[in-house]
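Each of the next two complexes has chain A plus one other chain: chain B in the first, chain C in the second.
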Partner chain A sequence: MKSTAAASVPAATGAPGPSASGRRSRPADTAAPRPRRIRRQLVTSPWLFAAPGLAIVGVFILYPFVGTVINSFTDKRQLVEGKYVGLANFRELLHDDMFWIGLRNSTLYVLVVVPALVVLPLLLALLVQKQIPGITFFRSAFYTPVVASIVVVGLIWVWMLDERGLVNAVLEAVGAGKVGFLSDQWLLLFSAMAVTVWKGLGYYMIIYLAALANVPRELHEAAAVDGAGPVRRFLSVTVPAVRSTMVLVAALSSVAAFKVFSEVYLMAGPTGGPAGEDTTLVMLVQRTGTGLTGRVGYASAISVVIFVVTVALMLLVLRADRKEDK
Partner chain B sequence: MPTTAKDASVSRPDPATSAPRTRTRRRRVTDENGRRMPVWELALRYVLLLAVLALMIGPFLWQLSTSLKGPHENIFSSPPSFLPSDPTLHNYERVADTIPVWDYALNSLKVAAANVVTNCVGAALAGYALARLRYRGRKAATLVFILAMLVPVEGIIIAQFTTMRDLGLNNTLMGVLLPGCVSALNVLLMRNAFLNLPYEVEEAAFVDGANVWQRFFRIALPAVKGTLAVVAIFAFMGAWDDFLWPLIVLSDPDKFTLTIGLNYLHGTFANDERLVAAGTVIAVLPLIVLFACLQRYFFRGVGEGAVKG
Partner chain C sequence: MRNSRSSRSPRISRSPRRAVTAAALAAALLALSACGGGDDSGSADASGKVEGEITFQTWNLKANFKSYFEGLIDDFEQKYPDAKVKWVDQPGEGYADKISADAAGGTLPDVVNVSPDLVAPLAKAGLALDLDKSAGKYEKEYLPGAWKSHQVPGMEGTYAFPWYLNTGPLFYNKRLFKDAGLDADKPPKTFDELFTDAEELAKKSKGKVATLANVPTIEDFGRYGVPLMNKEGTGFTFNDAKGVELLTKYKELYDAKALDGQALTATPESTGKKFLTEAVAMNPGSALDLEKFKKDAPRLYENIGITPQISNTGKDNMYVMGVMVNTRTKHTPAAVAFAHFVTDAQRQMSFAKKVAIFPSTKGSLDDPYFTKADGTDETRVRIAAAKSLKTAVNYTPVLFSEQMKVELRNAVARALQGKQSPKEALDNAVKACDRLLKQS
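== the complex of A and B ==
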């Protein structure tokens, strides 16, 4: 019905096809199609199928990506067309304290969050791996922070870590005294990291769970027969068996950690905590590039730094993987 | 290495001997070798599980409890009181009086629902083209999606915003929707799903004269329903939870989505913890319900997404 008409549209609009002649729509399910028809169908409709996806990805991902790189060499502003300024933006970055603060914080984020997200979810996966009664409930419960929006998670922890919030109330009740989680520059950053880890635990736990299911049980049995304890078995059997998954988790989490925005934005505020000392690179992009006077060119230069570091992180992780192989 | 292999084969009979045990259908807690787990280990496991549970679920419950506490109850007490002494929905009414929270929820729902439809349709069509159809440029098209998947979205938001403004779509829900409405990751997920189908069935249909749309709708699509469900769920969750992009593209408070509205609520009424708590509960509850109903697709999505990513 509608399908035949749709299939013949691209030919009619002049899409590449072997021949424009012999175009005649007829119900395809009543008779075997002619060879010529099949061939045309095979050439035109694939592009029709892929067109919506290609258009969206092209216009809203790849074009802005290229645009970002080009803009980074201009002094374009939000409402003013820019002109080519060469490497001026990048030279300015070198002397911009805020940029170095952002780079420091985003890098610290990777250094703290990635090891935590490689190890803790693996331990959690081992804890929920055995089929003991009620384990499905625990698995689901541990996954809940993944489902919640980062805004919800951020605001929950803003209240938890508030000076008068639950954590401080408990600390005070046990006589430890209050801690200014959200007022000290460094405590703020580390609190945000903890929140990132808290939200990511369940996600990577599920990834590890799938990997653990593929560890041959014979290996564990053999190690047990040889007299290896649980810790030894973890280090000599489990870790090597899930190593490729660990690399995957490291790659995924390091790229995500370097691009951190929401947690810090919500917990430290739009300006990035005391004197902006908690600003991350993506926060800096958002702050510099938006608004009526937003410096699109300069923000794009920061974005280019983000691209480069992201690619470098991935290559680094993959390379570490290959080195361990030898 | 060879010795472990030999040991493994020696201990093979173990699972075999445990087989009759499972056949008796008596519920026993066993480890992966089919041996019974000692009671102390079981107890230790439950203690640890409960501790982690408190850490992962506790903050949500605390938020819920705060949102239900009335204006006369001290929410800052130390030691803290976990249950509201006089539970009330008063704070939820106040959220609705302070910000148009139901309109925001509706905006979020619109974007999320549209995102589900566009991602399912767009990714299924493109995935099918990449997996099944033979045409020149297929490799190039696949490469386009792979490259798009690798682009760090956080880095291109400013250019996305200027593109959106050039199209006159900034500060609209359409502008919120468009950049992610057919995600490259989903296209590649669908491609993999289609590649895993046996080709013979479609070949037979082809010989019988089914055209490409018929093969797509009647044969291929029904066979990948599981992956399609994963795409749908993650599209919904992604749109509902998204923060950075709507924050940049929306400036008019009338058009806010729920996450941006919450950020606004927090920014303006930060000292009213009960109010913010009620707002967050409104935002998170739909997804927790969705998750509770469709768990296995959430978990499956993690696996498929990770293999791809």
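== the complex of A and C ==
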């Protein structure tokens, strides 16, 4: 420690000239030395400004994150301090059917919801982009589900998809017969996916509208002059122009889809659908880790898996984007 | 060499500083993540002077009974002028999580409203006062079954004062029974009668009317006569032949559409709604529901039938509420005195007259309020429920946690869907519940 501190002193006073490694001196090196107080302030002031933000990040993000990772290697329960169990929780995950069901459902959610949320809001944005009378109403209407409470939205959809609900009444009226949207494991999961897509359309539509506003009109005009039709113009002009926005939407929606909880919880119930077959990973964390007998260590191990997969998803999307750039 | 080091000195000098900062941060986080322990337990001796400020926590009671509890606290403070009670109420949703967070954080109130399944983990964690030791003299004031309901298998002691009891009849729709050609004045009493009537109802309505909307729970297994746990309280036994028989019958009901198609994902709210809209013929409830039927479903109310719970054992299921004392309280005599005050015969009787609950104190159920009919349906339900409570059993084992309920429910669903045989499903459920029991 001492030697390091001593080594830092000459640098602080700006004493040495060109470095022994042959680097060129910076202008600051030749300037008059700053008083120590000012130099100290230069170091401390930015940290003071950042301190409130750092404190919030530390307390609400970093601490729970580190705590979760630590807990995942223990057998901690809600009212009992855990002891270190190594990788036992992760090994148990491999043999837990419910974990694989959760992983399957969360992955399926990403595979279905993300493409829908990348493409459909773009098409919607193209529709409402046009400046025609009354278009503001449609923009607002498409955005309304975004601001609606997920609990209210979920309950309304449950009411509509019930065996005696609106959708089944219509299906019966047209002779299609009743469909068990809320009793069949797959229909239930896809119904929840539909709600997620319906609720997210407006949000991503707004992002696309901002991106579309930056696409030069000349490009479309030039393509039209060259004989390109609407589909060709969409694929060759619009899509490349908003590609970076599509990557952003894919990244945001894939993370959100993998962490889905509310829609499935509200529609499939706390047990996660018939025999728990619609359970997602986050639902499993909630079910396993909460309550007076909750297994915090095991639930933390599931959370760590969710974190790893989420980071992997982000990297995958960014990598795909970089490949496209090349 | 010195020059070289000097030129890079800012970086060199910061690294150890960073390392020290990171280590300090990590140490702080580790210390924080290990918090919640510590032994700051109070005294178990409740014989001292009743004094000091204590906190009393109830479970979703403030909205409807604010004046009752404020009056009760005033009475207590008048009786014990040196004691002060601070009342907090928590919402019904997530109550176990709230208690769990408080218990882990060392902020559990002095006196807490609990149910037997909540008190078990708290007692195991050493947070619930053993009343046999601290307040055993009060035992004789309560019904023996009620006092025992807060005892934990494998542990000596009683960990909460019994408070109010609840049970309810089974409501049925007389019109739907008549439409199916069944005698509406002779509703099923045993499970066999229930299964026969349910199949008939489904057949006659061509699968449009189900009799039940809920999959069997642990209480149903209990009322069917299935042994739920071994005597030592170390393992579950609901996978025995009788348990398999019950689940096999339910599978037949499900296939015949006598059990509602959405039963596998049903909640008490959704089944209540189905009964209200006359989509199912029977549903358990309480005297409170009659008012709801009258207001929200007048047609159903005209045809409402009331019958005791279906039971093969001759005993109904009851739910017990309790009031526990935190072992970490700084004012044990005041906390014990208040917990007893809330649950004594006088206070329980006065609470029972405000809402459809039943006292757990000896002799209270013989009060004319619970025995004399006045011609109204509400009183009829109250009298029947009070009568059944004298022999009723809390079938839910104290150690049967929420996670275990999910395991059983999922196993039942797998059997009803035909993915596993009833025997295989129950064997798996028992295995999973035993594993959770060992881990708890």
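As a convention for this text, the second predicted complex is superposed on the first by the 273 of 326 C-alpha atoms of A that agree within 3 Å, B and C clash if a C-alpha of one lies under 4 Å from a C-alpha of the other, contacts with A are read in each partner's own complex, and residues count from 1 in each chain.
Quick note on the criterion: a contact is a pair of C-beta atoms (placed from the backbone, for glycine too) under 8 Å apart; a residue touches a chain by one contact, two chains touch by 3 or more.
Everything numeric in this text was worked out from a predicted model, so none of it was measured.
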| item | value |
| --- | --- |
| Partner chain(s) touched by A:H95 [first = chain B, second = chain C, both, neither] | neither |
| Touching partner for A:V80 - first (chain B), second (chain C), both, neither | second |
| First (chain B), second (chain C), both or neither touched by A:S183 | second |
| First (chain B), second (chain C), both or neither touched by A:A268 | second |
| Which of chain B and chain C A:G276 touches, first, second, both or neither | second |
| Contacts of A:D162 with chain B and chain C, given as first, second, both or neither | both |
| Contacts of A:A50 with chain B and chain C, given as first, second, both or neither | first |
| Partner chain(s) touched by A:R322 [first = chain B, second = chain C, both, neither] | neither |
| Shared chain A surface residues [contacts with chain B and with chain C] | 4, 7, 58, 62-63, 67, 71, 78, 162, 164, 270, 290, 294 |
| Sites on chain C touched by chain A in the complex | 1-10, 12-13, 16, 25-26, 29-30, 32-34, 36-37, 96-97, 99-100, 103-104, 118, 121-122, 124-125, 127, 261-262, 264-267, 277, 279, 401-403, 406, 409-411, 413-414, 417, 419, 436, 439-440 |
| In the complex, chain A residues that touch chain B | 3-4, 6-7, 28-29, 31-33, 41-43, 45-47, 49-50, 52-54, 56-65, 67-68, 71, 78, 124, 127-130, 132-133, 135, 138-145, 147-152, 155-160, 162, 164, 166, 168-170, 172-173, 198, 201-203, 206-207, 210, 216-226, 248, 252, 255, 259, 261-262, 266, 270, 282, 285-286, 289-290, 294, 296, 299-300, 303-304, 306-307, 310 |
| Of all residues in chain B, those that touch chain A in their complex | 4, 7-12, 14-15, 27, 29, 31-33, 37, 42, 45-46, 48-49, 52-53, 55-57, 59-60, 62-63, 66, 76-80, 118, 121-123, 125-126, 128-130, 133-138, 141, 144-145, 147-148, 151-163, 178-179, 181-182, 184, 187, 208-214, 216-217, 237, 240-244, 247-248, 258-259, 262-263, 266-267, 273, 276-277, 279-280, 283-284, 287-288, 290-292, 295, 298-299, 302-303, 306, 309 |
| Residues on chain A engaged by chain C in the complex (per definition of touch) | 1, 4-5, 7-8, 10-11, 15-16, 19-21, 23, 58, 62-63, 66-67, 70-71, 75, 77-81, 162-164, 180, 182-183, 188, 268-271, 273-276, 287-288, 290-295 |
